[in-house]
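You will see two complexes here that share subunit A, one where it goes with subunit B and one where it goes with subunit C.
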Partner chain A sequence: MLLLLIVLCPIAAAVLIMIGAPARATALFASIATLLMTLFALALFDRGVHEFQYISSFAVSTGWGINFAVGLDGLSLIMVLLAAIVTVAAIWFTDKIDKYEHAFYACLLLISGGAIGAFASLDLFFFYAFHELALIPTFLLIGIWGNDNRSAAAWKITIYLALGSFILLLGLILLYQSVPIAARSFDIRTLQEAAGQIAPEAQRHIYLILLIGFGILVSLFPFHTWAPDAYAAAPAPAAMLHAGVLKKFGLYGLLRLAIPLLPAGAHHWTNLLLVLLLGNIIYVGLVTIAQKRLDRMLGYSSVMHMGYIFLGIASANLLGVTGASILIFAHGLSIALLFAIAGEVRKRTNTMVLSDLGGLAKVMPLAGLAFGFGAFAAIGLPGFANFAAEVMIFFGAFRNGFAIERFHIFQVATVLALWGVVISAVYMLRAYRKVFMGALGERWRNLVDLRPGLRLPVTLLIVALLWFGFYPQSLVRILSPVLQTYLSTKQP
Partner chain B sequence: MIAPPNLEIAVLILGMLLLMFEAFMDKIDKRVFAFAGILGLTTVLIGTFYLAPVPQIDHASGFWSFYTADPLAIFFKRFALLTTILVLVMMIDYAPTVRGSVAGVTVQAGLGEFFALPILTCAGLMYIASAIDFVMIFVSIELVTISFYVLVSFTRRNPLTLEAGVKYLVLSALSTAFLVYGITWIFGVTGETNLDRITAALANSNIDQTAMLFGAVLVLVALGFKIAAVPFQIWVPDVYQGAPTPVTAFLSVGSKAAGFVVLLRVLRPFLMLPKMDRLLVVVALLTLLYGNLAALPQGNLKRLLAYSSIAHAGYLLIGVACFDGPAVTFYLVAYLLMTLLSFAVLIVVAQQAGERITDFDGLAKRSPFLAFAMLIGMISLAGVPFTIGFFGKFFIFYSALAHHQTVLVVVGAITVACGFYYYLKVVRAMYWRPAVKNDAIPVSGLSRVVMSALIVAIIWFGVYPEPILRALQPPSGQVAMKSAADH
Partner chain C sequence: MIDNNIAWYVLFAPLIAAALIVVFTRRSKGLSSFLSCAAVLASFAGACLIFARKEDAAPALNWIEFPGLFVVPLGLVLDGLSRMMLVVVTGIGALIHIYSLGYMRNDEGKSRYFAALSLFMFAMLGIVLSNNFVMLFIFWELVGFTSYVLIGHWFDRDAAAEAAKKAFITNRIGDFGFMLGILMIWATTGSVVFANIAPRLSILTSNPGFLTAAALLIFCGAAGKSAQFPLHVWLPDAMEGPTPVSALIHAATMVAAGVYMLARVAFIIQLSPVALDVIVWIGTITAVMAALIATQQNDIKRILAYSTLSQLGYMVMAIGLSSSDAAIYHLFTHAFFKALLFLGAGSVIVALHHEQDIWEMGGLSRNLTITFVTFLVGALALMGCPPFSGFFSKDAILALAYEHNMPIFVLALGTAFLTAFYVTRLLVVVFLGHPRSHAARISRESPLVMTGPLIVLALLVIFGGSTFFTGQFVSVPPEHDVFEKVPLLAIGALVLGAGFAFALYRNRPREAFDIGFLRQKFYIDEIYSWLIDRTQELLARISAFFDRWIIDTAGVGGASGGTWGIGALLRFVQVGNLQAYSFFFGLGVVALIYFAVFR
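Presenting the complex of A and B:
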């Protein structure tokens, strides 16, 4: 019941706003209520078991065995928590909207509700459907309220994601059809029980299709080109929600489906995935350094960091997968913070070109501080949740197939991926210097800092980053029962 | 309790009564006839839920060898009735345009026929749903087609309409010729016109399969014309664009559904022929590609919907190629709801602004309700989850994957992505673009109610499709459907 409220709260609020409830008040109230309920669910969560908790289930089609079922285990709990935190921040950061104010908030809430619903769904059908709920709102958000090159960006992200989702849908149907008829179910719990019964050959096909489908949604190299354009053009709250939360759906899907159900398929395609994720880390990383605009730099950096998470997923051991899960959470918070501050800078200066900016920390000290925190977290400095997660990923990946006398492909990939930390330090620090340090340009003298009301969401994000950075064990304890079960699945 | 054949008779009498009264009462507001028609059809629709069971008699000869009242037939009778009711509602909105483009002595000349003809068409559609004999199939298809000849060219002062009427007449007559010729070949080979007995005759090994195949292909050509399958789709864009918009909606839903019912019925004997399944796959592929690719550059919404109707015929043909009757039927229901909703909005907007997509610029500012209704129609046509259009695609592609139709699935994925582009083009116009004018577009109370009902139905069945799935199947049918999908 509690979880049902968490899932339906943003969607109900979106409907109310479209009917005519006061937009900002309703949206803020709904998002804060969602966050509070999620924290409540976190507090009451039984950390010792791997089973789903807070389950509610309603039959939708008996003939097809489709149920509307929601439930939380450790993995989905931290995803819902991430979504709830970023939603509050994104809605709080929304300024006055000049046209269709109601629609703006309704779209934000639909993206958030879609993401929460997808993370909480126990049924493959709704897992998929909730994610797609965010597609049209994204199209509208970028198209109506976007910046600069909004038209092209909105088309690109929508067509890309529609295609990716459709490929994903085909993969999910194939997954459903691959288990013996008696064991077939759209229910993730039942599928989990049938995990060992999928033939290795079928696993290979399905994993590849899912990897492409999810990969497009997560901007896996070479399907990443939609992301920088879309995030550069999107209004800041939309970019926060999309890059911070919605994009993580694909990674969550791989963790939830591919790791327990298709281990043989994952093993077969490991080398391919390693090459692609190095494309994310090294190639996209270098592209990020070359960016001349802050918004595109952040967009590319969010693509680049997906590479680490994929590395953790590819490593397929407890350490790496736990690291990947935590990095999903940490990156969601840090990128939301960065997009929020970049949005504030854009609002005041109307430019995102790095060379035009400079010295803004003198007039916007709070924004500078917040951006600094976000940048340090994104680089992966110790003390932030990102650091804890990346360390786990690197150790987990390095350990795979390790032999003292020669380097296995995983060791090579890990060493190359480590250079990504250097690359991200280069572009983040360079951007920080160019925007906030140096001489203050004459025309920026009269800028004002973040208004006091915004201190709260900024603090929320930074505190979460630091808390889980110093105490990642709190996340590990929640995650480990379910991940341990997933990784010990018997294979035929 | 009503005997099934009385349904069609009731509809026919209703249509004729309306025509007769119309001839003698030229003083009253002609829209009364539309309301009377809606009321009468609704009564019949309610009547379909109180049918007497079919008598258990010998089906080998007599009336019941032409006519069946199986669940599929009943389902499509309801389908035809619902479509006609919705089309009549649209026709009321469209009446001012008709008045302007029909020559007559009085102001309302012609409106009475405009409202009465669809009811006769509806009777034809209901007969098609029940036809299990080629003679019956032919006669009922002709009833539908001939009333469409009149309807398509109804606003005859408009040259585009006249062009549409001529094109429809010539090509439709040609397809009829194909149908009759095909039937004669089949009759020549098997000596039967009843579908069951043709199936039985085909099981006999000493029939001439080549001749039978030739006849079957000719019949498929005629049906391809009805359902707008490539390469028999050439008439569609021009006729859809030129015909009065409610008639276009009727053509694209009613006529197409009729074609698919007949296709499903004749599939059982035809599938015993060699190479038939491959032929269907090729036609489905061509239809998908042509419909979707040609829709991409369209700037006129009515024409766009014409190409989209071809595209959806492609998805339906995937279901046909996989022999999945329930999936096809479900898709047709989805198609009915979302297409009629889009046409209903188009009619209202077109009277004030125009039919081009640019005429929809800023509609969200002018009339938020109409824009929202169009948004729901478009995203359902594109196949976004939580709308009925998604479930339609889901069932179709489920069965394609179960039958290992890899090529169809791959092409389908590409065309779905195309679909997002051209349907969202309309959404872009309504929400992104600034409005040229700012005055609200008036919507009549009845249309508003009907549009709201369609929106609710699209979303409701998009979340909870069970009522339709249940109506599609006799109690034991679920097992049959599952096993058909799984084999």
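Presenting the complex of A and C:
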């Protein structure tokens, strides 16, 4: 019942807003209520078991075997928590909207509700449908309320992600069909009981299709070029919600379906995935260095960091996969913070060109502080959850196939990925230096800092990053039981 | 159990102060500085208590725990080495906090400064106390971060902003190697805890190549933090930070962290003779190179910065000669006299209204008597003049080199000569002769909060020479008679260098000679920026071009090609995104149901 409320709260609020409830107040209330309920669910969550908790299930179509079923295990719990936190921040950061204010807030809430629904769904149909539900408002937000060349960016992301979803759909259908008839079900729990019964041959095909489908959604190299355009054009709250939460659906899907159901397929494509994720880390990292605009730099940086999460997934051991899950969470918070502050800067200066900005910390100290926290979290400074996650990923990846005589592909990939840590420091500190440090330009002398009310969402994001950075074991304890079961799947 | 928790209080007091300042007292500069000073004094008191009681354990908990796979405890190591470092770090830290009250009294960002200083204390104490590699790495990076914040304290100056960035990135390059070394050690021994690695080293010793690689990669981290060639370039630029920061972080403590870490993991490094050879030569190159550059610098803080590089080179040299004791001994004495010299330089800089060019100074011994006398004590110790502390610790390293490696000894002796030369040049030009600027003529001595720490440090440097005092803290290598060969040679180099410089610079109004490639620091910065421009920047530009014109074009082309039918549909429908998309979405749902149900 609790989980049902969490899922429906943002969607119900969106509906209320569309029929005339005061937009900002309703949205804020609903998002805070969702966060509080999620924290309550976290507090009461039984950490020792891997089974789903807070289950609610309604039959939608008995004939087709489709149920509306939601439930939480450790993995989906932290995803929902991420969504709830970022939603509060995104709505709080929403400023005066010039046109269709109600629709703007409704779109934000629908993204949030769709993402939470997708993470909580136990039914394949709703898992897919909720994600689609969240995508549509994302396109609208970019197309209607975006910046600069918004309609081109909106079309690009629409076509690209629609293609990704379509490939994903194909993969899901094939997955469904590859399960022996007795175990065939839309219910993820039932499907997972069939783990190990899918023929290795089939696993290979399906994994590749899922990897590409999910990969497009997560901006896996070379399917990443929609991301910088879309995030540069998107209004800040939309960029926060998409880069922080919705995009992670693809990674969540891989962890939820591919790791337990298709281990042989994953194993088969390991080398391919390693090459692609190094494309994310090294190649996209270099592209990020060359960016001359803050928004595109952040967009590319978020693409780059997906590489580390994929590295954890590719390592397919408890350490790496747990690290990947925690990095999903941590990256979502830090990128949301960065996009939020970048949006505030854009609002005041009307430019995102790095060389036009400079010295802003002098007039916007709070913004400078907040962006600094986000930037150092993103580049993996210890103390932030990102670092704890990256440590687990590096250690997890490095021990795969380790032999003292010579380095194998995982060791080489780890070395290159570690070099990415240097690359990310280069672009992030360069941008920070250009925007916030140095001499203050004459025309920025009268800028005003963030309004005091924004301290709350900033604090919320930073405290979450620091809390799990200082005490990552709290997430490890939640995640290990379920990931442990996923990784111990027997091979046919 | 309560007693054993003192170490935790020592560690966390500064963090609590930093957090309180950031969250609550940012507006009140006075309260912020008070909190910060109170925290460091509390830590110092705790450190003294730990030192006196000789405790050797504190309770631990686990930061990350995957049983049987990967465990990172937050555990503290309290042995002789870390107890000594605790006292030194908190002691010098406390003096510099107090000195900062004077130096930074009118600074706009005083709260930020003290918050960062407290955070630095936390991170540095963390390095000292860590009992495992990952925890060490955590605090290692945090120290780099606080150094970034403090170098960039005056962030509206372009030079400071650039220097801060350069310091962090250079350190990250070192840390890349460090982390890799840690991974290699962990992958073979299965633990990151020093005490658990030690008994499992046999796997490593049977693979000498692997061991050497791991040891050198760990050394990479130390080379970054302790600014050893070729990662030394950030330290001179770091002088853009406030002078007390230069004294605490970029002279006495943080840059010594690399040496401390090497001493901590000496049990691994010493197993590889090849690694030791590389380390000893890196140390020697750094020592000689930095001393050569120092002879031609004009900024008082940069001269001291290069002397720090050079002295760190000595310490690394000692590590390479497999004597951590000698390295730590020099680290200990150097911390005091170099902090003293920097604080003295700070006092000069304040008296001259932030003038740092030594050729704008002169004759300051008359107006700044306390500063001059204390600076002289520090300078003599740095030159290695008996009976000051620097003499004994440098002598220990020279004797070691003499015993093991003649070429190293000759170069180390040459460095001693150069050190005497540039330090005397500095003394003569700044304090003797006639004032060369108006500011120098009307300069006045600094207030007591600044001269007080100078006097305390000067006393420590003087008494630090006695084995009785020093022996309480570090294990002093057996003392040599002053009339033996090595100390005699060292004193000879000292007299020669000092005499030469004195004769050359006495009563001279400007530089005596000009050697371009020393003045330009061997053009290393220029070479690096050329290299970066040709590699990283070029690659970045090519990648960006490729991404924009190849991948994006091909990708979008492919995507729209693959969805041409949908595109046509969208064109057909001709209404905004929502309808078109929901139509497509509807098709998707139908397709899903069709395949699922009817197959």
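One rule holds for everything that comes next: the second predicted complex is superposed on the first by the 492 of 492 C-alpha atoms of A that agree within 3 Å, B and C clash if a C-alpha of one lies under 4 Å from a C-alpha of the other, contacts with A are read in each partner's own complex, and residues count from 1 in each chain.
Heads up, the rule we're going with is that a residue touches a chain if its C-beta (ideal position, glycine included) is under 8 Å from a C-beta of that chain, and two chains touch if they have at least 3 such contacts.
In this text, all values refer to a predicted model and were calculated from it rather than measured experimentally.
In the superposition on chain A, A:136 makes contact with both subunit B and subunit C.
Of the two partner chains, subunit B and subunit C are each touched by A:173. In the superposition on chain A, contact is made by A:100 with subunit B only, not with subunit C.
Looking at the superposed arrangement, the partner reaching more residues of subunit A, out of subunit B and subunit C, is C.
Once chain A of one complex is fitted onto chain A of the other, the partner contacts of A:156 are limited to subunit C, with no touch recorded for subunit B.
By the document's definition of touching, both partners, subunit B and subunit C, reach A:128.
With both structures placed on the common chain, the touch criterion links A:181 to subunit B but leaves subunit C unconnected. Legend: residue contacts after superposition of the two complexes on their common chain; A:219 is shown touching neither subunit B nor subunit C. In the superposition on chain A, contact of A:301 is made with neither subunit B nor subunit C. Of the two partner chains, subunit C is the only one that A:291 touches; subunit B does not reach it. Taken together, the two structures place residues 63-64, 128-129, 132, 135-136, 139-140, 143, 154-155, 158-159, 162-163, 166, 169, 173, 177 of subunit A in contact with subunit B in one case and with subunit C in the other.
Interface residues of subunit C facing subunit A in the complex, by the touch rule stated above, are 62-66, 69-70, 72, 134, 137-139, 141-142, 145, 148, 152, 155-158, 161-162, 164-165, 168-169, 172-173, 175-176, 179-180, 183, 186-188, 203, 207, 210, 536-537, 539-541, 543-544, 547, 551-552, 555-556, 559-560, 562-563, 566-567, 576-578, 581-582, 584-585, 588-589, 591-593, 595-597, 599.
Subunit A makes touch with subunit C in their complex at residues 63-64, 125, 128-129, 132, 135-136, 139-140, 143, 154-156, 158-160, 162-163, 165-166, 169, 172-173, 176-177, 186, 222-225, 283-284, 286-287, 289-291, 318-319, 322, 359, 361-362, 376, 381-383, 387-388, 391-392, 394-396, 398-399, 402, 404-405, 414-415, 418-419, 421-422, 425-426, 429-430, 433, 436-440, 471-473, 476, 480. Here subunit B touches subunit A in the complex through residues 364-365, 375, 379, 382, 384-386, 390, 394, 397-398, 401-402, 409, 413-414, 416-417, 420-421, 424, 427-428, 431-432, 463-466, 469-470, 473, 478, 481-482, 486, going by the rule given at the top. If you check the complex, the residues on subunit A that touch subunit B are 60-64, 68, 99-100, 103, 128-130, 132-133, 135-136, 139-140, 143-144, 151, 154-155, 158-159, 162-163, 166-167, 169-170, 173-174, 177, 181.
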